[in-house]
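Each structure below is given as structure tokens.
Next come two complexes, and both contain subunit A; in the first it sits with subunit B, in the second with subunit C.
And then the complex of A and B:
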């Protein structure tokens, strides 16, 4: 049946290719505003940061951009397929360690990670090259895992992806000679300039957009909304899911590499449940059905976390200093998340994308 | 050999109880309750008086066992019902992902609330110390506690089965788990059933807390999370919503962990969990509906 479906699919594609192409461009024109607006939003944040010139603020914004990459990576798979994945931070872990392997000074590597193959011990790449390679490495891992996992759907797929995350974490926490086990891998060159992270985030957003309007992305969203109808119209669901899984794996790997360069240290537990849940929360609070939701979720929740941290550190109001007791930050964050979700169950953005009002687009 | 069997059974008991707590709620609400682990942690810390000192000030832990056990069970059930009333009631119509994240956020709140009261340092406590004496059975020396764990679990499981099969409330709950809207139409009161499920699940969490606290002798805020993850996996490979499946899978996971610990070559032992999770993926590939597929969870077209 699958063969018949794919056959029908390919003939239909061949016959309709001629008239479909303009439709594709129309789709691209109609939707390109979203990634452009989102990128402008991030650019504005970056410009504000650079003009204030404050160092801690700079680091915070870098964290925000890294999270944007991660959440956009999650969106590519979760948003389009509707399958909740708990495993994507595993790819971030792979990406971060790959970046560490490629960029740490060979002298240090020989001491701390003696189990690496000889050619890897000798290489030392600039960070942007290593980030691209890390993304490819993560994509390869996603391809291998995805071949197996994408046959599942629903909650079974979620658990299987979680099992994958736990496997990656266990291996990286114990493979002493290659990953340094649970001790931190230090010596990753730290990049403190904001622009590479901005570029990374913008690239991630455009990748997500291009995937969403591609044939595969459209088919996947059709399968998310109406699995039976989509399968009957010749959508090979596991295959489309695999495509999304690999693309999102690459973006997560890129995010991992940049995260490694932003903090300079990696440990396996940085990339485990804590990060998984915070990124998932950002996606769901923002609205997991839309790319804008992911980005808006990151920006808003990060701003909220930062504001609460400031309050916790103490704010002077005239004479007296006002400070929240320690621990209130997390509790408030949890409560606010619950309230947002109770009021807007499908997230802040719902399924809508950020765009100019409809009238301004000459439809 | 016998030692291995008992290790597997007692670890499996913990997983099974945890899985049952998650499966009960999933059955009636389609909610995967990530706050369950934090309910466990809360029950453990209910034994102490709130303080951030390194020394644990034992409060309820000093009670004789016949008061201690009901007290902790009530704590768990109470907290769980409270969660339902305050939070989950507002998410009845939400999609599973939203509910999942909401439950995670709730767990986050509970965890940091505990952190505020007790600080993050693990605390040692000797809970029911008379239980740690070893006993000799068929030539194997076992801690008494392990036996009690297994026996208690069996008693709880049998009790729960009787409750679900013999009482009217149990019948309503099973009906609700199978087809919630149909059950409501036939006169099952939704709020009562859901609150009942939360109370039961909270009490199960409390039981885990007691057993775990007595076993390890240390109280740690993270302790609920590790059990919860395994329990969560057990719930899924058992067949979401199927109580029998959850218990079976809990025991299987416990057995798999213990057996791999013994059978794997020394070099591979640190990677034991990776093998366990690999096995989980394999099980899911062959039986995506779970070992015992619950009726009513199949996707309807």
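And then the complex of A and C:
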């Protein structure tokens, strides 16, 4: 084994390390292409949408951008830690209701949500401010839950996250004076322009990228691959998981707030099993090992869902109308997911990131 | 004098004693050996020393201060590193990142960790492997990367768990040169746990022999080589096998 003679004393290796220190932001410069390309992909979709001027298409693309935020939020925790979370949509619920509390007309709030504290009843903020505060609120909740949950591993952690989702859903479904219980909370200002949602998705993508190239992101991916060796390398695994849990909670909260502003009404069941299933499916199909996988999964599955809805509604072919039977959408979606996962178990993107041909690996 | 020690350490699993009143001391710059037949308790002792296994009785001390009860990452941050049987590399990450993980785990910035990882790979003689995905490496290179990963941050002690397993005689000789450099040049206290007895006899100044969880002999290589107890309990079984090599490797 050739031990380099010039480095054969204890100080030489340290001196060599100091000389080799890469340029500041070298890692960021090397990897930034991925979030830039993903953002350009979304920008292109937004520009096409605006150009067509179709209102239903506009709403569909807004839904896609909201899902990008949610799936990227899931990726930050699940993709980096390898712990499957069934509870993150709980943070979306917290974000959506926080946005409702902060933006509904005070007169309406006094009538429908009288249990809110006086300062909150009197508050009415612009949607973008409410979105930021909703993200912080969800992050705080993630910090509180995460301090307990992140001590768990494997299936125990996954089940505990599901228990967290069930708890949030139960509280929001029963605390009538604050959440309206199972009734719809209406009066949330609806934002119909596409740009805030695009900005939200791009912000989520860049947050996920920044976390992935951070010390915490690297340590967490190592712990995902070999937890024992990571601990022996000095990695405090519960702490690194907690960092990712809080960051992803904030992104899920942001997504919840924007989702609330995209539909104008929230109920607890909007943020429960259905949304959990579809967002996890998008992440798994795209490939949970990469940021690009999450975004690609959303775009492709959303396009597929939209095409199936369109076929279910009926397509005119000359004199006759062709329509798929109701329910085919869910069945076809399930079949396609099974086929994709059977052919590519690690998802469409695997662990690869969207990049120019020479640098396909991120981080 | 600075040292890492196990004092009167016992470990029981459901009533079965894996270690029984074991004392061991490792000092910086010195290579110690830990040998014994399969199931002797060698890896259990390494797990106890590095925080992966709590002792049922006894204490682990670093420079006189108790380490017992610390988690593995806290033990590592106090300068006690280890490798694993089978490497346990982060297989999806490049080799450089494998070393960098220890750097960031010890609190370095990524920039500083990258710089030290590159220097360490060169020091070990595998600088060309930095961009290779760890899971694609041949077995021998895996072992070298695992040692490099453990050496990040200049630990005061390194516990090498069967680093020569599966290596050819030539590769084992190269490994023994590296281990000497680790002790002599980095001032690291080395505990070598190895089935290749020849490697241990040739490298170590002090050797501890475990059998069924208890120390049956300890001393310099010559004393171990000549010990009837060791021959009977451990090497005696090798007379009919091709396992431990009795001649010291130089």
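Just so we're on the same page, the second predicted complex is superposed on the first by the 332 of 363 C-alpha atoms of A that agree within 3 Å, B and C clash if a C-alpha of one lies under 4 Å from a C-alpha of the other, contacts with A are read in each partner's own complex, and residues count from 1 in each chain.
The rule is short, and it goes like this: a residue touches a chain if its C-beta (ideal position, glycine included) is under 8 Å from a C-beta of that chain, and two chains touch if they have at least 3 such contacts.
Nothing here was measured: the structure is a model prediction, and the numbers come from that model.
In the overlay built on the shared chain, the residue A:228 is in contact with subunit B and with subunit C.
In the superposition on chain A, contact is made by A:273 with subunit B only, not with subunit C. In the superposition on chain A, A:163 makes contact with subunit B only, not with subunit C.
In the superposition on chain A, A:338 makes contact with subunit B only, while subunit C stays out of contact range.
By the touch criterion defined above, A:213 reaches subunit C but does not reach subunit B.
Of the two partner chains placed around the shared chain by superposition, subunit C is the only one that A:351 touches, whereas subunit B remains out of contact.
Comparing the two complexes, residues 228 of subunit A contact subunit B in one case and subunit C in the other.
Considering their complex, residues 78, 84, 148-149, 151-156, 159-160, 162-164, 166-167, 170-171, 174, 227-228, 273, 277, 280-281, 284-285, 288, 325-328, 330-331, 333-335, 337-338, 341-342, 345-347 of subunit A touch subunit B. The touching residues of subunit C, when paired with subunit A in their complex, are 50, 52, 71-73, 76-77, 81-82, 84, 88-94, 97-98, 100-102, 104-116, 118-120, 122-125, 144, 149-150, 152-154, 174-175, 177-178, 181, 185-187.
Partner subunit A is touched in their complex by these residues of subunit B: 32, 87, 90-91, 93-98, 100-102, 104-106, 108-109, 111-113, 115-116, 225, 229, 232-233, 236-237, 240, 270-274, 277-278, 280-281, 284-285, 288-290, 299, 301. Contact residues on subunit A toward subunit C in their complex (touch as defined above): 1-4, 7-10, 13-14, 16-22, 24, 26-27, 213-215, 218-219, 221-222, 225-226, 228-237, 289, 351, 361.
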